[in-house]
Every structure is written in structure tokens, then in C-alpha cells.
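Here is the structure we will look at.
We just call them A, B, C and D in the order they show up, numbering each chain from 1.
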Amino acid sequence: MKRLLAYSSIENIGLIFTGIGLSILFAASNLHLFAALALAAALIHALNHSLFKSMLFLATGSVLHATRQRSLGKLGGLIRSMPWVAALALIGTLAIAGLPPLNGFVSEWLLLQSFLYTPQLPHAFINMLIPLGAAALALTVALAAYVMVKFYGVIFLGKPRETLLAQAHDANWLERIGLAWLAAGCIAIGVQPQLALDAAGKSTGMLVGQTIAPNPSVWRIAPIAPEQASYSGWIFLAVILCTIAVTFLLVRLLAHGRIRRTAPWDCGYPWQTSRMQDTAEGFGQPIRHMFGAFFRMERELPAPTDLTPKYRVHIEDRFWRALYQPIAAAVKRLADAISFLQGGRLAIYLLFSFLTLLGLLVFVL
Amino acid sequence: MLRSPLNVQLLSHLDVELLKLLAAGMLLISFAMLSTRRTQQLITLFAWQGAILFLSTTLVAHEAGLTELYFSAGLTLILKVITLPLILHTLIKRLGAQWDNERLVNIPITMLVGLVLVIFSFGLAQPISLLATTITRHTIGIALAVILLSFLMMITRRKAVTQVIGFLAMENGLFFAATSATYGMPMVIELGIALDLLVAVFILGIFFFQIREQFDSLDLHHMESLREK
Amino acid sequence: MRGIAFVWQFGEVILAISLAPLFSGWIAQCRAWMQNRKAPPFTQPYRMLRKLFNKDAALAENASRLFRTTPYVLFGTMVLAAAIIPSVVTDLPFARAADAIALIGLFATARVFQALAAMDIGTAFGTLGARREMMVGFLAEPAILMVFFNAFLLFGTTALTGMVDNYTTHPSVIDPSVVFAAIAFTMVLLAENARIPIDNPTTHLELTMIHEAMVLEYSARHLALIEWASSLKLFNYACIGLALFLPWGIAIHGAHVDSALIALSALLVKLAFCGAGLALIESVSAKLRIFRAPEFLAMAFLIAVLGLLVHLLLGANANA
Amino acid sequence: MELWLVLGMPLLGTFVLAILGARRYAPEVNVGVSLATLLAASLLVVRIIRNGPLLIGHEQFFVDPFNVFLVALTAFVGLTTAIFSRPYMRIEEHHGRLTARRLRLYHSMYQLFMFAMLLALLTNNMGLVWVAMEAATLSTVLLVSLYRTKASLEAAWKYFILCGVGIAQALFGTILLYFAAERTLGRQGMTALLWTHLNAAKADLEPTVMGLAFVFLLVGYGTKVGLAPLHNWLPDAHAEGPTPVSAVLSGLLLNVALYAVIRCKVLAVGSIGPMMPGRMLMAFGLLSAVLAAFFLWRQRDIKRLFGYSSIEHMGIITFAFGLGGPVANFAALLHMTVHSLTKSSIFFTAGHASQTAGTQQMDGIRGLVGISPTIGWGLILGSLAILGMPPFGVFASEFLILTTAMREHPWTTPFLLIALGVAFAGIFMKVQPMAFGESEAPKLPHSPALLPVFIHLAMVLVLGLYIPPALAEWYRAAARLIG
């Protein structure tokens, strides 16, 4: 559970660095306005990330506390026993999945906006590569949404996978408040991103000498120019809520509100148990299937005749092995190679100092 | 240089020769220190170096007519010829280290390196000597050589005490450089430097005891545990 | 003045809401014609909605509040999208609330809610549908983003209103990349709206379902809202496509009754053709296996990127 | 007046604590003296902001935006470290690592060290700068060897010899400077070494002599800054001394030494042009940053780890000063500030972390978040800040340095990025297991004073988001001064 969130942190840090990198590129080409935009996106995303990530960590903490269960595969259906945590965690989940009108969307939107202006960079080659970067970004964000649906769905929705879970108690007041103010932050920045933009504008003003274009109104943000792109969290929230309310009223007025509780339909299959739901692994199966090339997978699938069917899958990241491990090993080797510099002998240290002095003296001569 | 200094003309030929002789003595002592194995001898050499420094400073003070430099010379006498050697002698006696010998890195090679250093520092000091207006301007190269030789000595030493003597010898070279290039630093600063030096030696003295207490020896090769493993 | 703008806005939304089922009905009609079947009447979707609203809702015992709210949320997001997309008149008050990229986000919100609701009951088919839907979604998003990127390069804006304005004021701007973008967009549209070849909206075979699998547990008014929302989604997508690629006729800068009427009739004609085209595509293609869907969407993505490259290369040539 | 107070308070504190330092209330006295120093320093700051640069005491003391900002920083971190050391040293005493007599030495030397640093910052006389730096070395040698263990003695010895030799070279550089000055300013006794006079006449200083002088000064004071390959004393001294000392060494002494280097650089640039000194600083900076980043990967001792991280950051700052120009100088000054604040706060938490775990070995430190959330989160946040994560201030300064480097010397950016990246991975993978995980370590006997940690981090955060105009103006003035 926490592992998933930790990986998600890496993803978000990646997004932040994407923004910073773009900003440096823009700044180096003297496109200060766009540099400011990309930087603001990165900064706001950092803020947002701290908000929703700490919120989700707290929420998993509450779940852990209530259920003593760390594994995603043994949770489920907590929305019924822990409605408060579930409701607040939903906000965090939607925010981290980058959905409007919450805060995660705002920063990702700004980041995509700054990607749009890359064609103005004076390097034709980079220009052609960067749109692919934007696509990768979109893919990442959408994939994050996928994973967060899995995260939320497996923990809070469905049927409890263990019988004990039904007795899980909801968070106490203190925990609720802790979660609630973070959720409030997510919503506030989502619908009123001007707050964050103004704050970020100060930093960008300091760093790239340019703030983002002043906002046309308090109701929406338009980082470059209102004709080019704008976004209003207020309208999003307001219209959706109004429509929901109006529709609800109309449905109530025009149709009857009768409800019959029955067993789940599930295409008429009556013998379902909680074990028939997707597990976290099951939910992620399409991704494993599609990105199979990137992983090293060992699978043990049950044969149709097995009396005790067993399913096991072990996944290893190929990139980890092929890319990061060699780099890490190289860094380690280099670090070992230079360790003689700190060999413990004072005489050698003095010699370094001596040689440095002589070298510099030769240099100035 | 155009601004041909008055005091150089006033200077008697003999005094210049004397100064050069003293400077040569400094250099010689530095080489001697580089090759000496016995700690006690080193301290004696250090005291001699201080004495030469005192003499040359007095000489310069006399020739240039600067009272300030007399003070400086007096400071050198008290500190470097009397106090520090005394402290060091007492220290090694109390540490029982007066008969210590130490193995050195190949002495001929060290000497050779030292020679190269001397040539190097002469080359380095050349432009400065040309600019200098002092009577002692030819000795700047030697002062620099003394500094570098002391540095070399610190590198080659393996005992705490001798390393400190190298450090102090370097300080002598610095004083020598100060008098030869500029007739000494301003008084306040000289005082400050002397004070720092004195305190340093006291602290080092305390250190010697603590080191011996902890390591049972003043050998520096015991102190190589802090490193990248 | 602003008040009137809001009236127009409201009118456009109402129009979208009421036309959407008709559009779905029209596609079904065309499909039936093309497949030599006797078609249900156009108004079939409306009848179905009425029937569903009048039924008793059967709700699973363990359905949570999330499950019951989701239909409303879906409907709400689609109505908002309809308000933003310039289908008849541009520059309405809400149009500035989102540019094209924010619209992607809006659709994503709807999708996530639907997937979550599908997981709520904890049935095998629900989760199956949810995971497939999310898969299609995350593949479609980069592709459609590339389409909008392309549009941005052409028009210098990602605001739909701005695109329409630019397009209609400089009709000469027809770039080869538009063709690529249009093809990519159509493919995404099919995928996002659960049409053949990704999904079959009329299937009854559970194992091949995506969208239907998610709404299996819904009934009566909830189902009605969801169905309405999905026809609105299709309508919205069609309108985005029209605004991007065939914006002629949309009343720009101000809403006058006569220009709006022209725009409305233009919209109807365009939608009719568009629906027929969709029906044609659906009729001539077969549904893909679920794991062929990534290939299909990757193709869409590739085409969009190709369009982008074509634009950059040709643009560079033009400058040189 | 304020200036005398700034210098007088710690000096007074040295003597008072030399007498009272063993008493039970000595830590409080220490805090009180530091507080008084800080108050005096703030008065000085106010005065400088209001009246501009100040030259008093027969021109022997000089305060301008550059040094007054460092004075304020020094006094502030001095105070917070004193607050931190109050429970920390009590716990050390409780654990039997220190006696009351040692504490007396500690308190007295702490104040002497503060005095020496403030003197080095405030004096106008380059000779006095040298004297003060030497005094700072001597007082910290005693502090580093406070535990009298083998390791601490070894560290102190190496520190003393290396810095002593280094500073001897700085003295030779100072002599050369004096020599050059005497030729243009004439033999005026005390005034020839005054920085203000030298600065006024820097264009006339003899370039050959100044070149040599700068090399000696750079190697001399550079040893104290911890520039590779003169840095070898630094990790040892940081790891083996008491934690408050590590915090002030890293957070303050390195800054002060760098301050001396920069003052010399200004003179050298005036005489021989910006090319040579700038290139030297850049080369030293890059080398230090890259080497230190790689060394981070090998560390097992938590304080040693962050010692190397200090070398890395000092390298970055030196590099930025080498770049020169208003933006890079601004960034360097900002980085100096945020590095001091962040690094000292990291040492605070690292100190308590190793007290909790009973070892400085990182393998033995686990699950800090579980045992003491404040220590754990303090360490995590501090590490994130020092790694340059936005929105902390370190990010802001590194960003500025990177963009300037990319614009002016694009070939340096790969090195900088390698250093930052390697350091990021190195620190991150060491800190994470320390913060999370399981542990059954007992609670500390005295509750730690971690308020300074969070105050520092909050300030770093604020500096990252928004530099108040007054402060920015101040930085800019200092950056202009450095040129």
C-alpha cells in the first residue's frame, strides 16, 4: 500500500523535474515568460504533491491503524466501515489522479501548457522531441489515474476480502481533521489556483525574472493569454454541482424515488464471493500485458487440471536492471576508485595541499 | 623599477652581504631539518632558525631605521628562540620522547625534491624581488623556499611532535618573508599572529599528552583509522 | 448583455442535452440501414429513457453512496462539457472555463468516477469493466493530447472558441496535418465512446464488454442518467471534432438569432453526416480483441504525431 | 556601538563561561549570550539598512551589506545551535560521554569561536581576518576533540594540521597582499591592509604579485572552506566532533572562510581581471561538488555523510562566485544562507537521531519516524531541502546557478547535473531507511529541542517561495559589491 504511494512519489517528482527542466531550457533561450510558466507549474505541483501525498499517507495510516493490514490484496469495502476516511481519501485520490476541479489537475494542466510553447525554442531537433515528452507526460498522468483508481477501488470499494475488515472502525476526530484540512487544501488550490499562482509568481519572478501574465479575473487562470488557454476551477465545480443538484431535483420531482435492495446482479451469477473481485494484481493486468516488454515476468499459471491451483507472478523492472543498476554500479565503482583521496594518512592530505599549491603557482606563472 | 629606493643606496655593502649570509643559513637549516632524524636535534635546529630570524630582523630594523621592527625582532627572540624551544624540550622530556628516532622517506630523494622546490621558489619570487623596495629583496625567494621546504618536511614526518616543528618552521619562513618583502607586517597583526602561535603550541602540547594517552605513542600511523573503508 | 449571453449558454446546453439521445438514435438508425435491418425509430432512445425513469431502482445491498452519486456526477460533467464546447455559438460565458486540455481532464473525471462506481459492488464483471475502461482511457489521452497539440500549432491556442474563431476568420489555413489530426481524433472518439471496434455498445456478451460491464449493476433512473450521459459524451466528442475540423457555420462573436439559426441548421446537417460516417465505420469494421485496443490507440497516437511532424517539417520548409 | 556589542557579547561570554561553564545553568547562560549577540547583530543590521555601510574604529572595522548579512546569519545560527545544544549536551552528559569540566570548555570555546568568526567577518583589516580565522581554527580544534576519544583526537589533529598549514599559506598570501598594497598605498602602517583602501586602489595593485597572493590566499582559506582536494579534514571533523559543533562548522565556519576568499577575489579581480580568479573558483567548485557527490555513496556514518554534502554545497557556491555577475552572486549568497540553515538543522536532527539509536552508523539508525516523528520528519524534510527539492530555498539558488551556468558556460552544466544527481541518489537512499522502517530504540532522557530545526526549515521554505524585497535588495547590494 505504502509502496504504491512511494512509487507514485517518484512519478510526481519526475513531473516536477520535467517542469524545472523545461523552465531551464526556456530560460536559457531567453523565453522568460514560458520559463516562468513551466517553473510555476513545477512549484505548484510540488505544493500539490505535498498536499495530496501526505493526505493519502495519512489515510493509509488510518486504514492500517484500523485494519492492521498492509497488503492491498487483503483489504476492500472499507467505504462502508470507514465512510469518513473513504470520503476524504476519495478527494485525495481524485487530486493525485490529476482530475479537475482539484489541485493535481491545475499543475498538470500548467505543465502541459508550458509544453505547448516548446516549438518556440530555437532548436528544431528539440522541438520535434519535446511533443513526445508531452505525450509521455499525458501517458504518465493517465496511468497514474489508472493506478489511483486501483488503489482506491481495492482498498475502499467492493466487498471486504477478509471478514475482519467489516469491524474496522472509522478514524477518530483528530484524524478526520488532519485529513480534512489537507482535502480542503486540495479543493482550494483546485478551484482557486490563483492563490498558488500568485505565490509561485513571486518565486518565478525571483528566479527567472518574470511573473506569469496577470490574471484576467479572479474566476479563472490564463497563464499566457486568455485567448490561448484558460481554466476555471470555480466554473467546473459550480456547474457540476448545480447540474447534479438540478438533475437530482428533477429526477425526484418527475420520477418516483423507489428503491429495492437486492443481491448484486452480476449477470445472474448468484454464487459470487469476495474472492472473485479483481485483486490489485488483477486490476493491473492490462498494464502488465501491454508493458510486458519493459518487465521481466515470471509466471506460474495453474493448469486446468490442478486440484490446488496456484497463481504466482513475479515482476522485475527491466529498466531497473538494464539502466539504473549499471549506473548505480558505475557510480559505486567511481566512488571506490576515488576513495584513495580520503585514505586516512595526514601526510598524503598534506601532499594534496602541497601539490595543489604548486599546481596553481605554475598556473599563474 | 623607477622608484629607486633611497635606503638601498644608504645601505652598506657589508650589511647586504650579511643578510644574504643569514638567509643562506636559514635555507641550510631548513635542509638540515628535512634530513634530521632526532627530535631533539630538530628542536635545536628550530631554535637556531629562530635566532637567525631574530638577527636578520634586527639587522633590517637597524638599516631601515624602523623601531617597529625592533619590537618584531624582540618578539621573535622571546617566542621563537626561547619560549617555543623550551616548551618543546620540556614537552618531549615529559613525554619521554627526547631520544626518539624516526624513519624518514628516502632522504636523498627528499633532498632532490627540496632542491627543485628552491629553484621553483626562486623563479616564483623573481618578479616580486624586482618590484620590492626593501634592502632584503633578494631574500624573498629564500623565504618562499623555507616555507615550501617546511611544508615538505611536514609531509615526510611521521611523528606528531616533528610535524608540529615543521609547522613552526613554516611560520618562521613566513616571518622571514614578511620582513624581507615588506619590513614586517603591522604591529597589531604581528602580535595577533604571535598570540595565535603561542596558543597553538599550548594546545598542541595538550594534544600530545592526550594522543599518547589514547594511542600509547606519538606515531602518526596510529591515526589513520578515519578513512574511506 | 451578459445576461443574454447566459441565456444563450443555457439554450446551448439544453439543446445539447435534448439532441444527444437523438444523435445516438440517428447513428443506430444509419447502422441499421447499412446493415439492411429495419431500424427502430429515431426516438427510441427517448422512449428508453422514459421507461427507465419510471422503473423501480434495484440496488445491490452493499452499494455505497458513491455508487448512487456517480450517475449524477457523470451527467453533471457531461453537461459542463457541453457548456464549454462551442457547438452553435462561440464565446459563451462558460467557454473560457476550460481549454481543450482541460476538457480531456473533465472527461477523465467522468471516467474515473464511472470506474470507481463499477468497483463498488465488488462483482467480477464490474471490476473487469473498470480496468478495461481505465486502460482504454490512459491510452487514448496521449493520442488526443497530440491532436490538440497539433491544433495549437495551427491556431496558436488551445481554447476551442479561439480555434473556431481562427479557423473561420482564416479559412485558408488548411494544413496537411489537419488530415492526420482528424483521423487520429476519429479513432480516439470511437475508443472513448465505447464504439466498435473497441467496444460494442449493443453487445450482450459479458466477456467482451467494457462500458456495459461497468453499468451492469445499474438500473432504472440511475441507468437512465448514465445512458443519457454517454450519449451526451458522444455528442460532445462529435461537437469537438466539428469545432476542430469543420467549424463552418458556427456563429462567432455574439449570438444573433439569425446567425444562430444558420449555425443550428449547419450543426444538424454536420451531425447527420457525422453520425452516418460513424455508423459506416462501425458497420465495416469488426470489434477488436481487447488487447488489440492498445494497437489501435497507438496507431491513433502515431498518426497524430505524424501530423505534428509533418507540420513542423513543412513549416520549417516554408520558413526557409 | 552595536558593533562593539556584537563582538563584545561573545567575548564576554567566553570569559564568563570559562568560569561558570560547569554549572548546571551554563547552557542557559550560553543561550542568553547568544541571544544578546543576535539582538546586537539585528541592531547592526537595522543600522546598516538605514545608514548604509559603516566604517568605525580607526577604519579597522567595516560593515557593508555583504558581511552584515553573514553576521546576522552567524548570530542567528549561533543562537539556534545554542538552543539545540542545551538538551543535546545534557543527554551526552547523561550518557556519560562528557563531564562537567568538558562542558565548561565546550561552552567557553563555543563563545570564543563565535567571537572569532564575527571578528573575521567584521574587521576591515585583512591581517586581522587571518588572526581571527586562526583563532576560529584553534577554538574549534578544542571543540572537535571534546570527547577525547581516539577518533575525535585523530580528527582534531588532522583538522589542526591541515588547516594550520592552509592558514599559514593564507598568511603568506596576506604578506604578498601587503607587499602589493605598500607599493601603491605607501607605507602607512595599519591602513595598507585595510580592505576598503585596497578595494579603492585595487586597479593599481601589481598584477603579478596579486596573482601569487590570490593563489596563496585561495589555497589557504580554501582549505577551511573545504574545497577539494584540500577538504580532507572536513568529514573527519564533522563526524567526530559534538553535533552542535558540526552544525556550526558546516553552517558558519565554511561560510566565513568563503567570505574571506571572496573578499580576496574582489581585490584580485580588480587587479588582474576576472578571468583567472573566476576560472580557479569555478574549477575548485566543480571539482569539490563532483568529488563530494561521489563520496556520498560510500558513507556509513550519518554525520560524515552530511559533512561531504557540505563540501558539495560549498563547491556549488564557490562555483557560482566563480561565475560572477549579479545573478550568480545573488544565487551564491542565497545558497550560502539556505545551506547554513538547512545543514545546521540536518545536523541537529542527525545528532538526536544518533543519540536515539546509540550509534552514528546509518545501518543502526532505523525507523526514526516511528520513534520520534519530529526527528524523523525533520531529517526527511531537511534532506529534501538540501537535495534541492522545490519549493525549498536550496532549489531556488541551485536553479539560478544552473540557468546562469547554462547561459554562460554550457560545458559546466553536465558536471553540475552529475554532482546534483549523484548526490540526490546518494543521500536519498541513505536517509529513507533511516526515517522509515521498524525500530525499538528507547526514548531520550531529555526531550530534544527541535524547534530550531523547524524554524530553520520554515525559513528555508520561505526563502524558496518568496524572498522579502528588503532581503532581496540586500542580497543584490552584496552581489553588486562582489561584482
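As a working rule, a residue touches a chain if its C-beta (ideal position, glycine included) is under 8 Å from a C-beta of that chain, and two chains touch if they have at least 3 such contacts.
Small disclaimer: the values here were computed from a predicted structure and weren't measured.
Using the contact threshold fixed earlier, the set of chains in contact with both chain A and chain D is B. The chain with its Cα centroid farthest from the Cα centroid of chain A is B. The busiest chain interface, judged by C-beta pairs in contact, is A-C. Measuring from the averaged C-alpha position of chain C to that of chain D gives a distance of 60 Å. Chain geometry summary: the mean Cα position of chain B and that of chain C are 88 Å apart. Centre-to-centre separation between chain A and chain C, using Cα means, comes to 26 Å.
Centroid to centroid, with C-alpha atoms defining each point, chain B and chain D lie 31 Å apart. Of all residues in chain D, those touching 2 or more other chains are 157-158, 161, 165, 169, 212, 235, 295, 298, listed in ascending order.
Residue positions 339, 341-342, 346, 350, 357, 361 of chain A each touch two or more of the other chains. Contacting chain pairs (ordered by label): A-B, A-C, A-D, B-D. Only residues 68, 124, 127-128, 131-133, 144, 147, 151, 154, 160, 163, 167, 170-171, 174, 177-178, 181-183, 185-189, 192-193, 195-196, 199-200, 203-204, 207, 210-211, 214-215, 223-226, 228-229 of chain B touch chain D when the two sit together in their complex. Residue ranges on chain D touching chain B, taken from their complex, read 125, 127-128, 130-131, 134-135, 138, 141-142, 145, 148-151, 153-158, 160-161, 164-165, 168-169, 171-172, 174-176, 178-179, 182-183, 187, 189-190, 192-193, 206, 208-209, 212, 235-236, 239-240, 295, 298, 300.
Across the complex, chain D meets chain A through its residues 157-158, 161-162, 165-166, 169, 211-212, 214-216, 218-219, 223, 228-230, 232-233, 235, 276, 280, 291, 294-295, 297-298, 389-391, 396, 399-400, 402-403, 406-407, 422, 425-426, 464-467, 472.
Those residues of chain A that touch chain C in the shared complex are 76-77, 79-80, 83, 86, 90, 94, 97-100, 105, 108-109, 112-113, 115-116, 119, 124, 127-128, 131-132, 134-136, 138-139, 141-143, 145-146, 148-150, 152-154, 157-159, 220, 222, 226-232, 235-236, 239-244, 247-248, 251, 254-256, 258-267, 269, 272, 274, 276-278, 282-287, 289-290. By the touch rule above, chain A contacts chain D in their complex via residues 13, 16, 20, 23-24, 27-28, 39, 42-43, 46-47, 199-200, 202-203, 206-208, 328, 331-332, 334-336, 338-339, 341-342, 346, 349-350, 352-353, 356-357, 360-361, 363-364.
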